[in-house]
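Each structure below appears as structure tokens.
Same chain, two partners: chain A is paired with chain B first, then with chain C.
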Partner chain A sequence: MAEGIRDKVVILGMGCTKFGERWDKSGGDLLVDALTEALEDAGIEKKDLQAAWLGVHIDEINIGKGGTYASNAMHLPFIPVTRLDNFCASGTEAFRGAAYGVASGAYDIALAIGVEKLKDTGYGGLPDSPAFGQEMVMVGPNATAPGMFAQLATAYAAKHKIPMERVKEAMTHVSWKSHQNGAKNPRAHLRKAVSKEQIAGAPMVAYPLGLFDCCGVSDGAAAAVVCTPEVFKKLKPNEPMVKVKALQIAVSSGEEAAYDRWDGASILTTRAASKRAYEEAGIKDPRKEISMMEVHDCFSITELCTMEDLWISPDGGAPDDILNGFFDLDGQIPCQPDGGLKCFGHPIGASGIRMIFEMYNQLLGRWPEDRAVKNPKFGLTHNLGGVPNNNVCSIAIFGVD
Partner chain B sequence: MVGITSFGGYVPRYRLNRMIVFGSMGWLNPVIITNARGEKAVANFDEDAITMAVAAGMDCLRGIDRSGIDAVYFASTTAPYRERQNANIVAGALGAGEQIRTADFSASLKAGTTALLSALEFAAANPGSRAVVCAADCRLGKMASTQEMVFGDGGGAVAVGDDDVIAEYKGCYSVSYDFVDHLRGANTKYDRMWEERWIRDLGYQSFIPEAVNGLCAKYGLSPTDFDKVVYPCYYGGARKKINTMFGEDPSKVQDDMLATVGDTGTAHPLLMLAAALETAQPGQKILLVSFGSGCDAMWFEVTEAIAKMQDGRGVSRWLARRADLDNYQKYLVWRGMAPPELGLRGEVDKETRWSLVWRDRKSILGLWGGKCKACGTQQWPAKRMCVNPDCGAIDQFEPVYLADKGGTIFSYTGDMLAASLNPPAVYGTVSFNGGGRTVLDFTDCTVEDLAVGNPVDFSFRIKFYDPKRDITNYFWKAIPAVEEVK
Partner chain C sequence: MAEHVHQPLEEEIRSIAGYYMVLEEGVLEYRDRRILYLVQMAAIETSCCGRGGMGFIYVPGYVTALKARRNRDGLWVSDVERVEGEEDRREITRLLRARHPGFNQVNFA
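For the complex of A and B:
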């Protein structure tokens, strides 16, 4: 068994733009903002970066392919820039690239940065693109992301024999909670608390997902500078270190889409990646040991199922936990303390690093009291890209010492 | 003995009450009130002549081994392709093999019966062979035209051969004239017609008797000898007059379905024939006559084997499965007569890669999956490696035609965000009976019609249309299982 990444890499500094309708900025402008904040936080200069990993999903309509646009925009000093696309896990993949680059000994300091400029697409929701290849164009349904994720809800209710009203009630709580948290966050896109009545009564986007069950489309960028603990100690002696405890990715094998074993109500990649991540981080009982989470709440039903897929709620038990306030900001495991995708929106390439940004600052105790998680030990981030029956999941776990 | 071995029909789910058309368009042409009775069948937005021909063919071929099909003929005046054989798309969807004869019959409303004659002659010339004829039309009249009132959409299909014959083919008589009652040029979308009384009097009222009398003279029969008479003619007065040829019993004359379906063009004689065969009795003589640029008159005699095929196939269950198309504007949008705003998603350029379509033709056209010879797992699509994680065998598939297997709903949704001509776009995951699953578009239903575990059938539909290159792409969708009508 390989050793894994635990404690080999630490975060030296991070940056994150305000997410939202950034009509004022291009993808390159947002990259510069995120980089500037991250370098300042890291206390280094651009010339100290030795390599960069860039997460972008929908390349053609924002910053193009390859690494050149990003490198040009930030005027990076002829270092390697590797562009990554792994659906919604792209940001975390970029972080993993940088972390592995440092852990391998190839680099002392590396940059992970993600960006997406969705508001320039003109779409409400994600733009239509042949994300699964031309073969799927010929046979796949005329589907959108909400429609594909909505099927989790119909299958979940059927599998657990829970009335759809109860599932919908829990989904409503998920979105309500994120809006409560997001309202306190100056970097969030949506900053209004909304009532449960408003959420439950909103127009249907894809049955049973209403408007407030869906996260928004947004622009944003986020960056992380990583290094080894040794380099960190040299640069920031006596400061607490946010260490990488686990980085795991799982990608669908194809069985969910075509083989009869999958229940349609869970995400197999999340189950696989989280199991490996807990092992890598040395976590035995996540329900007791995880202090807080940022999960991929692209839709409220996704967050609901994720609570079970991360082995935190028992199967069929997520609605109870959710409605009991287990994941509220003052609950046992605050989930989406920053407001989540629900309030930040989802600039795909940036989201994973935005989540890490939240965990990093929470672990360092930098947030004001009204939105700070008390004495966090382990923070987990989770991204789910693709669709429930064919996807990529990334899990990252961080700790501070 | 060569003859009909099976039959099938298809009527699309949506019906437009003709008074709705009159209510919307009567201001422009009040005379359309004369045809404003009953309802007409309207193809769904994802249906056309090919899909309806396939639906009728699937109905006809229920329980019949596809590997025994030697020819597939397609008849329509509204075929989507002028170059690319439409019959091959139909044949592929029906699960027929590839070493077969195919042909398109077109340009005349009697193309359906002409295709049937050709199939019978094919069967007679090739003992032991089987042929399938599928006819469908989706004709358009301009807004507020007689054609708009009269035309309906639908399909009919007939299988022929010399084994298990349910209605023996006894003979035919054809007349062919360049009689231009209707016409549509190569670049025209809408039907154009000449003066109606002329069509009625010189057309129907003279050619149909000419063909019937010609047949009778040829075989020493009298028109009154027939027990069931099937012919299209949407002029009530002319129909009454022609009916007198066949004797006193009006029940002999097959209902023309004008009040329930409308005139379905090339398909109409075959659709009416399918309805007639649903209740035909052994020993009965059936007369089938088409109309359009002349007539084909055909004589069949029903055999004892008919009972085997009176199992729900035909027209009744399609007629029973109906839903109101409650507004005229929807009809206009579905038929491409009014351009709706579908948002950016409706403008996505989907280009067809023909080499890919060729490679995947079996799984796209016929929904062919595979059964793994190593572990027995049925799956779709069958690529190279078995999907069973405990197996993973490579290139070990036995092909399985899944289009007629049906399935059950595993999950579903109704999506208001997706571009659709009938929002919300309904789709979901379907488990194939016998194993395997995939995500499919649903059609002919609303979200409220669905529940996890409900049975579905598969229906060949337009997957997407590429207006830039004038390409219609087809694939299978799920529809709520069509109930049997006995």
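For the complex of A and C:
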């Protein structure tokens, strides 16, 4: 009977570059910087790594296919390096590969690392890529990401009979809160608090999503060194252990896009993956037990719906929770304490590990008081790659012992 | 009744995906009332989903007290009343588009 990997894998060290317009660094440079910080934090050397997993999405302009570019750039010692891509969940997928490698007993110490360099492509958004294969040719010209996520907002308002003004007010709070948090974070791309008036007065990109409801692209890399609890105790005796409590992925089945039973007002993969993750972690009531979250706020409505899809807010109750400050930094479950995608941008392969980096450091109590979550026990990360009706969702839960 | 905080003219209000700025503020006489509106432009240059630019108009509402006081940041604050009626919104949109050709997007607070 499968039992998952709860408590079988520990984070030994992590690193994360500053995100931003990193025209001063190549993708390889960013990998080296993230790796160097992670190794220093772990207290080991490169020769101690036994395997590596690399998350990157737009391979054509960054890293290329395979593992050679990254292995060459980091001068890894002839170890297996596996490059993988699972849309916006690519970073967490890399972490999952390394964690499963350790949990299986194949390795004692493994590396997960993610990178993306999108600011010097000559194009503002994500460059065209054969991400969805043949489907992209059919669907791509007819749909944009904000257009499809905007429909999540209208479907949500209609289903729960909540006036759009109320949904919009909650989305404004989502963006305002992330900018408040990100302004304090030296690694964030955009460090600027904005007022609710400035958010509300922004142009509409796809109704009801305004400029501040949409995330941007960025350059960045993040890395995690994972090991068994036994190895950790030898290397860092008497230090607190940040353990992996759950790692789950759910991928759309085609039901949302092709059948007619999906109401368009929630993300089914998030509901499935989070349910399995809570079971793996032994969490019975996430609203009471989860201490903090980093979720995929590609659009403000995504974060709003995710609060319900993670079973934190009751169905139709996310706007009330958001506007009551439940997810603010001083609220019951702070969400995006580092500023989220709104302030870090989205270098796709790095984002998932950047989120884990925040949970890891919060659990160890390393951040200054003005952006520290009080006494966290469980931290959750969530990525959503794709569009509401066809996507990949990853959920990871961490705890400190 | 709601408050409208006047942003400085021609100053970037930046998000991670781009920026917008207020080019000018205007008042439209409409059915014996005065509508405050802002002529704005935006550049969406680094969004995850592409890039573009636009001129647009933002309507805080009917003016009840124009620049009545300053807030803690020293910015002027006006008291306004939101435009709620769909018919009014359509007519105001038509009038503003006629006054500012090319500015097709009209958003109401």
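In this section, the second predicted complex is superposed on the first by the 394 of 401 C-alpha atoms of A that agree within 3 Å, B and C clash if a C-alpha of one lies under 4 Å from a C-alpha of the other, contacts with A are read in each partner's own complex, and residues count from 1 in each chain.
The criterion applied here is as follows: a contact is a pair of C-beta atoms (placed from the backbone, for glycine too) under 8 Å apart; a residue touches a chain by one contact, two chains touch by 3 or more.
No experiment lies behind these values; they were computed from the predicted model shown.
Undergrad: Counting only touches as set out at the top, which of chain B and chain C does A:His189 meet: first, second, both, neither?
TA: It touches chain C, and chain B stays clear.
Undergrad: Give the label of whichever partner, chain B or chain C, reaches more residues of chain A.
TA: Looking at chain B versus chain C, the one contacting more residues of chain A is B.
Undergrad: Thinking of the overlay built on chain A, is A:Cys215 touched by chain B (first), by chain C (second), by both, or by neither?
TA: Second partner only.
Undergrad: Contact-wise, after the overlay, does A:Gln198 reach chain B, chain C, both or neither (first, second, both, neither)?
TA: second
Undergrad: By the touch definition at the top of the document, which applies to A:Asp24: first (chain B), second (chain C), both, or neither?
TA: neither
Undergrad: If we overlay the two complexes on their shared chain A, which of chain B and chain C does A:Cys343 touch? Say first, second, both or neither.
TA: Second partner only, chain C.
Undergrad: Is A:Pro146 in contact with chain B, with chain C, with both, or with neither (first, second, both, neither)?
TA: The answer is both, since A:Pro146 touches chain B and chain C.
Undergrad: Name the contact category of A:Lys119: first (chain B only), second (chain C only), both, or neither.
TA: Only chain C; A:Lys119 stays clear of chain B.
Undergrad: Is A:Glu3 contacted by the first partner chain B, the second partner chain C, both or neither?
TA: Neither partner.
Undergrad: Between chain B and chain C, which residues of chain A are contacted by each of them?
TA: 123-125, 144, 146, 203-205.
Undergrad: Touching chain C in the complex: which residues of chain A?
TA: Counting only chain A, the residues touching chain C are 119, 123-126, 144-146, 189-190, 192, 194-195, 197-198, 200-205, 211-212, 214-218, 298, 341-343, 345-346.
Undergrad: Which residues of chain A touch chain B in their complex?
TA: Its residues touching chain B are 121-125, 127-128, 130, 134-135, 137-144, 146-148, 150-152, 154-155, 157-158, 203-209, 253-255, 257-261, 264, 389.
Undergrad: Name, in rising order, each residue of chain C that touches chain A in their complex.
TA: Listed in rising order, the residues of chain C that touch chain A are 4-5, 7, 13-20, 22, 38, 40, 42, 44-51, 54, 56, 58, 60, 105, 107, 109.
Undergrad: Using the touch definition up top, name the residues of chain B that touch chain A in the complex.
TA: 344-345, 348, 350, 352-353, 356-357, 360, 363-364, 377, 379-381, 387-389, 410-420, 424-425, 427-429, 431, 435-441, 447, 452-453, 463-464, 473, 475
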